[in-house]
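There are structures below to look over.
Both complexes shown next keep subunit A, but they swap its partner, so subunit B is in the first and subunit C is in the second.
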Partner chain A sequence: MAKIKALKCKECGREYPVEPLHVCEFCFGPLEVEYDYDEIKKNISRDKIKKGPVSLWRYVDLLPVENPTVGLNAGFTPLVKAENLGKELGLNNLYIKDDSVNHPTLSFKDRVVAVALSKAKEFGFDTAACASTGNLANSVSALAASAGMNCYVFIPSNLETNKIIGSLVFNPVVVAVDGNYDDVNRLSSEVANEFGWAFVNINLRPFYSEGSKTLAFEVAEQLGWKTPDAVVAPLASGSLYTKIWKGFNEFKKVGILEENEKMPRMYGAQALGCSPIYKAFKEGRDWITPEKPDTIAKSIAIGNPADGPYAVKVTRESNGDMEVATNEEIIEGIKLLARTEGIFTETAGGTTIAVLKKFAEKGVFDKDEVVVAYITGNGYKTMEVLEGHLNKPIHIKPTLAEFKEKVVGQTINK
Partner chain B sequence: MAKVTVRIPTALRRVTQGQGEVQIEAETIAELIENLEKEFPGIKERLVDETGEIRKFVNFFVNDEDIRFLQGKETKLEEGAVVAIIPAIAGGAK
Partner chain C sequence: MTGMKLKLIYPEEKIKEPILSKLCKTFDVDINIRKANVQENIGWLELEMTGDESEIENAIKWLQQQGVEVSPLEGQVFTE
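So, the complex of A and B:
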């Protein structure tokens, strides 16, 4: 346990033992894992990382797990140099961190769940649970199945059909709650009070959320132990975004990055129909006014984002900015990434690309700056949002004549 | 005065001697906090900050609705209402 000292309240600094706790008993502030960075610095090196597993577990020295047992193939997803999209946006060094192909359930949630359930096993839990907008439920269901744990997932009942099927196939108990994600979250908090389950994003949240740091570690390693100049990432609860920032900073703190390595500017993306963090940032507030979400980007539709205040702070500190995308812009963002880079993302990724485009058009990036956009989920899970927005197949009889008339005539030399 | 049920989160149960649910009489959330303090000394400073505002990470729900969508601390309580105190689920970076 040498690398972890305690859990510590981010607000008042009170310390707690390393247990499945997530709230400070005194001020209700969130608890965070407190590491012994001097100890970690002695153990970690670029060479050791490179020799580690081809997964997020190569960074285990900076994760709150002693013995990884769940999600052993999660992470280490491609960092794609986006030449075509870069050309359209006037950016010579644009990269896509592509977590749409994460293992095993095709979203960044496989990272946080790998960490949370490995920790849950260490604590001796036999039942996994979560409150989810879909991707997390998929990941918890799959990884709990592989870990031989019982599983309960709580989702809003209006989720995309494929995301529900994508959990059910692993045979968890799926609880579809009449309400939005914030209702599901509130209910799950109360359930977590009563039942001794490993709620990955509630009582295991201090450990769970640390998994997102690996999105920063991987990008830095894939860029040749460098940070990007700018990062564009989606904002839902604000946790992923703040942990990416923390990851880059930690990598520098333990000597993996050069001492003079500059930290990236952080750019946050929200859907216009659910943008409480964006509004707090733009209005110069430190607190979040909750909203009732109304957007097609359901995976990031959190109206009461608990890490919102921290996301606002990180954006200010890093000299970044935030933007919003309309439903139409989100669809266009999905299509733009698919058309230029051959990557099919879901609505959260569409939001990120739409916002990346807005910032590029505003000229906030120098054309040679290294810009990384985080694509956190897969489009095959939310295909229904594209209905009516794509070309139709060309139907023909199996004859050459019809092929020439209907296909060649309409698509070649057009 | 309206008698309401207050659901207490795990993080506060040390103050309520382990009780997960308590009955309190109050007309508004502000009054509820004062009356909770009379019954369970020490609970108020956990719920509100030095300026008397509800702490950033404390959420109050009246009959399942966030009081920030109602009238905040001045939200009126009806006889038999259920008030849930729930910590915001955060856990971001420093």
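So, the complex of A and C:
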């Protein structure tokens, strides 16, 4: 356990033992894993990382797990040089970090769940759980199945089952709670306290959230052990965004990056219909005013984000900024990335691309700066949002004449 | 006896009402407020509620009926 010192309250600094705890008993602040960086520095090296597994576990020295057993293929997704999109946006060094192809369930959640459930196994849990209908439920269900753990997924009872087929297929116990989203949330946290199950983003949250740091580690390695000049990433709870920042900083702290390596500017993306972190940032507040989400970007619609204040702080500290995207802009963002780079992302990715475009148009990036946009989810999961927004097929009779008239005539040289 | 850590979010029209004081008179629960932020149009506070499980659940139901949003301290853990 030498690499981890303790769990530490992010607010008051009190220390706790490395156990499935997540809130400070005194000030209710969130707990975070506290590492012994001097010890880690002695062990870690670029060479050792390169010889490690082709997954996020190559960075195990900076993760709160001793013995990875779950999600062994998660992470190490492509960093795509986006020449076409870059050209449209006037950026010569634009990259897409493509977690839409993460293993096994096609979103960045496979990273955090891999870390959470590996830790859960170390703690001796035999049951994994979460409250979600989307990416998180997919990932917990799949990875619990592969790990041979029991799995419980909590959802509101009025939800149509076809919304959770992508989780049901892995055969979790689905608990349909009579009530609204707030009720499901609250019950989940009660169950987490009482039953000693591994609720990945509740009692295992300090470990779970660390998994997102690998989004920074990988990008730095893939850029040749350098940081980008700027990063664009989506915010729901704000966890992913703050951990990307932490990841780049840690890599420097333990000597994987040069001592004078500059940290990136962090640009945050929210949907206009759920933008409590954006508003806090723009209004210069360090507290979040909760709101009721109303956006097509369901995967990032959290009105009461736990890590919101930290995300605001990171944006300020890094000299970054935040922007929002409307539903229309989100759909255009999805289509733009697909049309230029052949990558199909979901609404969170559409939000990121829409915001990237806004910032590029505002001129916040120098044209030669290295800019990385984080694409965190896969478009095949939310295809319904594109209905009515795409070109229709051209209908023809099976004759060459019609083909020439209706297809060749209308599409070639156009 | 059990304890629950909760975040209560008040809508504007409820900020001026003595909701927590009524709550403690109506239900057999204790509350211990740790953090609060009340502005002119919204207020939230973080507290620990202790009591019997069913009494806590009834108290939460009552709070919701008053228009107060009751969420776990973790913020929303539910994302679609």
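Please note the rule applied: the second predicted complex is superposed on the first by the 385 of 414 C-alpha atoms of A that agree within 3 Å, B and C clash if a C-alpha of one lies under 4 Å from a C-alpha of the other, contacts with A are read in each partner's own complex, and residues count from 1 in each chain.
Simple rule for what comes next: a contact is a pair of C-beta atoms (placed from the backbone, for glycine too) under 8 Å apart; a residue touches a chain by one contact, two chains touch by 3 or more.
Every value quoted in this text rests on a predicted model; they were computed, and no experiment measured them.
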Checklist entry - Looking at the overlay on subunit A, is there a clash between subunit B and subunit C, or do the two fit? => result clash
Checklist entry - Counting only touches as set out at the top, which of subunit B and subunit C does A:236 meet: first, second, both, neither? => result second
Next on the checklist: Output check: A:22 vs subunit B and subunit C. Expected answer is one of first, second, both, neither. What do you get?
Outcome noted: both
Item to check | subunit B versus subunit C as contact partner of A:310, first or second or both or neither | outcome: first
Checklist entry - Once the shared chain is lined up, is A:299 touching subunit B (first), subunit C (second), both, or neither of them? => result second
Checklist entry - After lining up the shared chain so the two structures overlap, which partner does A:136 touch, if you call subunit B first and subunit C second: first, second, both or neither? => result second
Checklist entry - Regarding the shared-chain residue A:185, is it in contact with subunit B (first), subunit C (second), both, or neither? => result both
Next on the checklist: A:201 in the overlay: touching subunit B, subunit C, both, or neither? Say first, second, both or neither.
Outcome noted: both
Next on the checklist: So in the superposed three-chain picture, is A:76 touching just subunit B, just subunit C, both, or none of them (first/second/both/neither)?
Outcome noted: neither
Checklist entry - Intersection of subunit A residues contacting subunit B with those contacting subunit C? => result 22-23, 27-28, 182, 185-186, 189-190, 193-194, 201-202, 205, 237, 287, 289-290, 304, 306-307
Checklist entry - What part of subunit A is in contact with subunit C in the complex they form? => result 22-23, 27-28, 130-136, 154, 163, 181-182, 184-186, 188-190, 193-194, 199, 201-202, 205, 236-237, 287, 289-290, 298-308
Next on the checklist: Help me check something: in the complex, which residues belonging to subunit B touch subunit A?
Outcome noted: 7, 9-12, 14, 20, 46-47, 55-59, 61, 64, 66, 68-69, 84, 86-94
Checklist outcome for this item: Counting only contacts in the complex, subunit A reaches subunit B at residues 10-11, 22-32, 182-183, 185-186, 189-190, 193-194, 201-202, 205-206, 208-209, 237-239, 242-243, 245-246, 249, 287, 289-290, 292, 304, 306-307, 309-311, 314
Checklist entry - Across the complex, what residues on subunit C touch subunit A? => result 2, 4-7, 9, 34-35, 37, 39, 42, 44, 46, 60, 64, 69-80
